[in-house]
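Structures for review follow.
Next come two complexes, and both contain chain A; in the first it sits with chain B, in the second with chain C.
And now, the complex of A and B:
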């Protein structure tokens, strides 16, 4: 019973990270039709930037997260302007290939600058709390709380602000939104800034627990793709719920089935779902 | 005079001359290093030609290509090492196994379109990689498979061919390369090829005129996977050592680079791309990780400014020149 509870807590924690990454991706891919496969390397970059701001510059962890978010938001906008925006009218496959090119550039670039070894944060929020028989560090609670807060904020942003509403309008009816005079280029900028910043937070939150290393984004981005396909393209609740589901399935699968193969559970689920419903569980549009 | 000129400029004649010239390569090139590079070029050209069939002609971005290459390589190695098969039966059986797996994966994933297919197949590639890494009793895990034997000599019409030398290996790879090229040429210039291109251009329209698009896509996918397996087999017996990395999506991305740079949807594009990237890779080897940054830049720049690749770009240029002249 304790194991079940502990693993559920772990699943929620990992699921929070997945949800944050998937949220950025679902905005970029589901709403703008840009399959930003390079989202995962931005996640890794966010972790490195947070790590360096804490260790090399000696700033507070929260300040470091803020810096990483800002830097990544700018990086997201640059990538969109230089690479994805010129490809908006090209076949879908071209953006995908360009994104693979970006992965090469960023991953090899980070390898050159920071090397292949794992980097460990100085102890951050490691106080242990006993909670209903399970032990949990403060950092894990922070991850879950911050994620929940960000999801609420994102929702408020989309529902209450003009910029957010233009994103939603584009998601609901692209042609209608264009006819109403919504500036797609501007929406692209906002989405890439917000999406990349979310990836930075996700990485910054989890890296004190799972360390910082060059390939940390590889599996996460693939799972984020799985999540948004399962949860429905462009659906924000879908990305959040999907994120938690994949996190829980993995964490419980790892505990009760096999630790060797728990990583492939998500991918196997995806192929299985595509076999039954080629447009994803809640998807209606085909891309 | 005119007749001679027409023979010289004839496509088949030129092809034949080219084949003869390539056959003479091992006679004149004595450098082991150069031979090694030529052999690698041939092997990766086969893989690139295979990917181009499903991606370039049928418009489905199969991102599990490295996985199928790896399955072919591992299957060949394990058949030869564990079950004592000879190279040729192992080559064929491995290709059949890979094709069956490809068929089973193609059935669900080919029902999807565009990026869904790309992501679905990429997920399969990751599964293959994890299996190669963790299924220790079969694949040797992260240590890999070592000591894969070379193909045994074969006798044909009283002539014995041996594959222990680099020259022998070169001819073997060139032979399978030619077979791949012929298969691909025949498919592309047949009715099936036309329907592949039709699927690429507009799948809904194609199915509306009564073509079975699913069947078309499956044929293309399984053929592509079959050829990828051949390339994998050659890699296994040539290098003699396999580790899980050879089944990973990095292989997929590298072959993708060959195809995109050379020219998606052209016959010679993947070969041109393979030759250029392999040469650049060897020349820039000392740059190490910077080389990968350069790969990435090339991919991004080519896809934005020259989406048809080198061969496609040259073709477009010639067309424009032709229009100007006439």
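And now, the complex of A and C:
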């Protein structure tokens, strides 16, 4: 019982991070059709910027998260304007290649600036709390709560604001949205800003409990792709639920089967879902 | 128009003049100092998760090459050769290792290629005898010297004899129940199999067994929760130091009070920067380089601190690669030959240990191609490092008439 409860908590924590990364990706790939593989390196960049703001500049952790989100939002817009937007009418393959190029540029750049070392945050929110026989640290609670808060905020943004509604319109029916006069370029800008900021906050939340390093985004971005396919392309609830599913599968699968099979179980679920519902759990259209 | 042409020709002449001066002076300097160039090669991870490890190895070689040249280069047949190092990043991937080696063989024809990972070394062994280069293999994995290849030597102590037996005995003092949470890379898997076999020989049992890619995990809580549930006395780790230290931290957060066995890739001094000594209590691992009771090692550590700052952690990798360069240089001078790897390799036992350059006191070459020499383990008890524990191994592997240079 203890094991089940502890692993459920662990799964929800990791799932929160996955969900945040997948949210950004589902907006970019699912809605705009832009395969932003570079989302993973933006996640890494977000971690480095948070780390830098906390250690070198000495700011408060929360201020650092804000700075990283802002910086990444701007970076997202720049990437869109410089790289992806000019390729809007080019063959789909071109954006793929551009995204892979971006990964190389960012990784090499970060390697030059921060080196190959693992960076360790000064201990933040490390108090251990024993809760109904399970162990959890303050930072882990913060991760879960902040993620939940962000998901609610994002939902409000999509449902209640004009900008958000135009994103949703584009997701539901691209041609219809265009006919209704929605400015795709503006939507693109918003999506990239929001998506990249989400990656930044995910990285900023997780990095105090682990390490900051050059390849930290690789594993996460791979899972995020699985999640958005599982949840359905462009679906916000899909990304959230998918994120928690993968997080829980990893921790519970690891506990009761073997950690060696974590990825196999995740992909088996993906294949199972796609066999029954080819558009993913919440998807309405296939790509 | 005319003026334009005039300036153009002046400009061209200037360029020729400058180029001429550069070639001339360069040529003169070259002729005066060296009679030729000898290349050593290195291929290892310089980016990605193991980049730090790869760069540590490379640093040792770079410093050694500078020292060799400062001491007058390599003397063969009355001629002085400059030593140069060529190196490429292989990202820890054997396929890249071979591609890098081929590139070097085509361009510079190095007589030695060093590689710090078992997968890459095994791949190199497919081509090195044909292409004629010696492999310096930095891995504790015995597989690389069991292939029957005549041009490969292993640098660090053999895991199966030194760490896998002697160090394990120290860990056994914490209790008989072992749980693996070792790396899923080649060296990690080899360590897991080796330690498991020897642990069982000592009468211990393995209560949990997990392999995990240390640099692809977002959080170790799920792994540790499962392992701690099995109530081990000792958790076995093998991977880069910083993630290993985070595993220790997270295990302590989850209430684990037992011991840790650190495979040779986990460096306790690097780990102590991430995990507190209190968290590291009851650990057994390889003795940090600077704590080794060898005066040459301490002096080399000090030198690296002067070169790279006080926060730099001098490693066994850097020290050993420094030593390897000198071993091969000395062997070349002994053999008086610069392009026959077999002849050079034969002279190893004549030059070992390499005196003031013997940072890690490699003092002999065993029959399979293993560099021999004492190594040290260390324990963390009561929030501090214990005295270094010498691990004497491979005494029967020394050639006749030679024995370990280590004296307690």
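Just so we're on the same page, the second predicted complex is superposed on the first by the 263 of 287 C-alpha atoms of A that agree within 3 Å, B and C clash if a C-alpha of one lies under 4 Å from a C-alpha of the other, contacts with A are read in each partner's own complex, and residues count from 1 in each chain.
The rule is short, and it goes like this: a contact is a pair of C-beta atoms (placed from the backbone, for glycine too) under 8 Å apart; a residue touches a chain by one contact, two chains touch by 3 or more.
Everything numeric here is computed off the predicted structure, so don't read it as measured data.
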For this session: Mind working out whether A:215 is in touch with chain B, chain C, both or neither, as first, second, both or neither?
Result: second
For this session: Report for A:93: first if it touches chain B alone, second if chain C alone, otherwise both or neither.
Result: first
Exercise. First (chain B), second (chain C), both or neither: which does A:267 touch?
Worked result: first
For this session: Look at A:176 in the shared chain and tell me whether it touches chain B only, chain C only, both, or neither; answer first, second, both or neither.
Result: neither
For this session: Kindly classify A:226 by the partners it touches after superposition: chain B alone (first), chain C alone (second), both, or neither?
Result: first
Exercise. Which holds for A:122: it touches chain B only (first), chain C only (second), both, or neither?
Worked result: neither
Exercise. Between chain B (first) and chain C (second), which does A:111 come into contact with in this model arrangement: first, second, both, or neither?
Worked result: both
Exercise. Which chain A residues contact chain B in one complex and chain C in the other?
Worked result: 107-108, 111, 219, 260
Problem set entry | In the complex, chain C residues that touch chain A | 46-49, 51-52, 55, 184, 210-213, 215-223, 225-226, 229, 240, 242-243, 246, 250, 253-255, 273-274
Seminar exercise, completed: As the complex stands, chain A meets chain C at residues 2-3, 6-7, 10-11, 13-14, 17, 107-108, 111, 116-118, 120, 126, 128, 135, 137, 140, 206, 209-211, 213-216, 218-220, 250-251, 254-255, 258-260
For this session: Going by the contact rule at the top, pick out the chain B residues touching chain A in the complex.
Result: 55, 59, 61, 105, 107-109, 111-116, 118-120, 122-124, 126-127, 130-131, 134, 253, 256, 260, 289-293, 295-300, 303-304, 307
For this session: Under the touch definition given earlier, write down the residues of chain A that touch chain B in their complex.
Result: 29, 35, 83, 86-87, 90, 92-94, 96-98, 100-109, 111-112, 219, 222, 225-226, 229, 260-261, 263-264, 266-268, 270-272, 274-275, 278-280, 286-287
